[in-house]
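Shared between the two complexes below is chain A, which has chain B as its partner in the first and chain C in the second.
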Partner chain A sequence: MRQSDVYAIASKDIVFESFDGEAVVLDLATGKYFGFTDTGSCLWEALSSGVSPEDLVGAATRSGQVSAADLDAFVARLLEFGLLAPAAGQAAQPLSQSLVAQLANAAEPAQVDIHDDLADLILVDPIHEVEEPQGWPAVKQAS
Partner chain B sequence: MRRVTLETLPDYARLLLAEAEGAALRYKAIRKVHLPGLELTAHLDTGALADAMTHAYVPAPEDKQASAACRIFVSHPGIGDVAAPATFVGPYTHHGFANRLAEAGLRGSYFHDLDFWQIYDPKRRVGAQVMTVADSFPPWEPGAPLRAFLHWEYAARGMRLAHAGTLGLSGKGILLAGAGGAGKSGTVVAGLLHGLDSVGDDYVLVDTADKVTARPLFATLKQDPRGFERLGLGHRLDPARPLNWQGKHQFHLADVAARRTPASLDIIALMVPHISGNEASSIMSMPRKDAMIALAPSGIAQMPGERESGFRFFSELTRLLPCYRLSLGTRPEEIAETISAFLARSRA
Partner chain C sequence: MKLSVIMPVYNREGFVGSALRSLLRQQDEADLDIIVIDDGSSDGSVAVVRELERQTPCIRLFQQANGGVTRARNAGLKQLLPQTELVSFLDSDDISPAGRFREDLACFDADPDLELTYSRMMLVDRIDEDALAPAADSNSITVRGIHLSAGIFRRGLVERIGAFDEDFLQAEDTDYLLRVFESRPRYVMPDTVSLYYRRHPGNMTKEADVPFREFMRAVHKSIKRRKSNPSLARIEGIFDLKDLAGWRFM
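Right after this comes the complex of A and B.
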């Protein structure tokens, strides 16, 4: 991965909110939820707004500096999850001072967890009782 | 057999509404229920759904503010000139289906197994539920009849049907959120059996406009046989009654509540229960992010459409409330006492 790449949110179906500095992202199309640690939330916010990974390497957090290897792994996860996509040709945005300050207060490693236990239900059967599937929903993709 | 694709969906949805509404004089039954800010009138056939509509709701007290009138036509080819419902063909995703209808100003859902359609026009407050025959509805429908229409109607007003349980005391209450098996429904019944109030389990109407309130819509409660026995419900309810489609006992708030269901609760906290295995219950602060992930997914998954607005609503709700992890002890009365003490302390 070239750290000089710039990324953007992969689609308009990716929406997110922040809770006390921790982001929750929902992919509306797949129904998958993603929970970020505090450091992960800062990096997500920066990357999704066009900050180059190169500019994030070495950023200070309470658990140390963001390493190139950790950042590569983190970006790879976001790409794999379909949350970020390369934004070819777009100019990198500067890292804001408020994000620098948030990163400096972040204590946990950069991580993102996926919560997709309900994703199939969102895709297939919106009114299904999710507590005990009992055989529903029957997946039908009519040809 | 008519076939509908994503492209023809809006036209077909309008046709369903027109056919169902056009047969207005041909329905055998009318059920009216007064819900918060809403006069719901259903035109339907006699039978299980009409019976369910008589018992499944908690009627709201008369509003000081004027209520909006909403009409739902529950139709099938045996009523007037209603045609057999079409089959949706082609790749289906709920999100794509909902978006296509939303572009046309409509809301809707479709259940493939039964060619079961629900279409709502929020501007006119008219809905159509179209089935192949009178009793061809999903098995969960009688427990919370027409809930999709209520979801769309209240969502249009900035409110939300939350998939959450509730418990309260003297007008203050908590929301209980979490995945199935976490102990949410058992906690609600435990509280009701030991002197607390509830405005419902499974689906409650949440409003964040001035303060966070929860109001009742549905009276239905459920317990699996193990919970039924653990809570001693066999002493109050007939254990031989048939189980519902989930293999659960299904009953009503009034069957177990000590008092009449309150018209609303002022919600002061969001709790995420889990069965701890410890003897005593405890309430510990938890990160809002984790509470949001416990609250939002099932509430959004079980309600068709309005995905993004639901995500925003539940995010706001989570930020407005303190969030706690409720570790459930082993005794129902002790669980109720723990929540009661929390509510009493918060009231002081």
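Right after this comes the complex of A and C.
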């Protein structure tokens, strides 16, 4: 893998949130949930925002430096899962100081795992209240 | 069997009367206790509830400063009567269909160990406020969705699950139901339509950032719980929202 490549989130169906430093990614097209370790969360956040893998190699974590091999394997998984896609021609973004600090506190290996048992829920949004009704909608069955 | 129905209310003066009447019409079929938690409404919601409370002792109104729906639901749980055996929920803008309780209570009569019935819900865009049923010209779709009103919970189950997680601004109901099903309750899934859910614009979009973030958090917490405690059940084969995928609410 050419580590100078830059990546971006693969499609609009891939949505990402962070909860207490833990990245959660959902694929709304398949209903799959992707969970990350602490190191994995930092790397996902960096890579998905356009930080070059090259700039992540050697980053310090509590269990040592991020190696090129580990990063390659991690990026390969994200590509394989359809979460990231190469962003050809885009300029690499700098690694933020807050992510550097977060990485320094991370101890687990860079990993991502898949869960699909909540796909029924994720595929079709659940029903939640909105702030105020804005008038009654029409309902139509899509063809 | 005493059935306590918890209804949080916040500024729903135009709807809460219909919601309460939809419960009251089932008084002959269920030993109802209706716990209304007014969450600091600034409109006429309290007056509407008070008027109905005067007419029937089975409505109990409690008022609190505005603290959000999650705390209001928890306040409701704290008001269960000593004799409450079953618990359900109705939001103040929704309608409980006629016969809804009769149908599911029969399941509890038939199985003393049953802890939960989890039924279907109808999303509907127009309600006939006199009939408290979908209007003749309404559009609707029925699914086994994610809604507290779909459930009638044995009190022991409610006590085992504990309070709604007040970290959630929304999706507290999703989180609660996930916790319920993870706990391997003894349940059945009747085909009863347990709820007419008034479909407001905007409440099923994937772009509504705050609700969706909260939903993601509920999913995240469920997966974390099950990772750390493998004895919890996977959530499969319960919610069936596939039919919604072919519909667009415009």
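Throughout what follows, the second predicted complex is superposed on the first by the 116 of 143 C-alpha atoms of A that agree within 3 Å, B and C clash if a C-alpha of one lies under 4 Å from a C-alpha of the other, contacts with A are read in each partner's own complex, and residues count from 1 in each chain.
The rule is simple: a contact is a pair of C-beta atoms (placed from the backbone, for glycine too) under 8 Å apart; a residue touches a chain by one contact, two chains touch by 3 or more.
Since this is a predicted model, take the numbers as computed values, not measurements.
Residue contacts after overlaying the shared chain place A:G50 against neither chain B nor chain C. When the shared chain is aligned, chain B and chain C each come close enough to touch A:E17. In the superposition on chain A, A:P86 makes contact with neither chain B nor chain C. In the superposition on chain A, contact of A:P109 is made with neither chain B nor chain C.
Legend: residue contacts after superposition of the two complexes on their common chain; A:A29 is shown touching chain B, with no touch to chain C.
Residue overlap on chain A between its contacts with chain B in one complex and with chain C in the other: 15, 17, 19, 22, 24, 26, 28, 33, 35, 115, 117-118, 121-130, 134, 136-138, 140-142. Interface residues of chain B facing chain A in the complex, by the touch rule stated above, are 87-96, 98, 109, 111-113, 138, 140, 147-148, 179-181, 224, 245-248, 287-290, 292-293, 296-298, 300-305, 307-308, 311-312, 315, 318-319. Interface of chain A with chain B (complex): residues 13, 15, 17, 19-20, 22-24, 26, 28-29, 31, 33, 35-36, 115, 117-118, 121-132, 134, 136-138, 140-143. Interface of chain A with chain C (complex): residues 15, 17, 19, 22, 24, 26, 28, 33, 35, 115, 117-118, 120-130, 133-142.
Touching chain A in their complex are the following residues of chain C: 69, 91, 123, 125-126, 139-141, 145-147, 170-171, 173-174, 197, 199-206, 208, 211-217, 219-220, 222-224, 227, 234-236, 238-242, 244-250.
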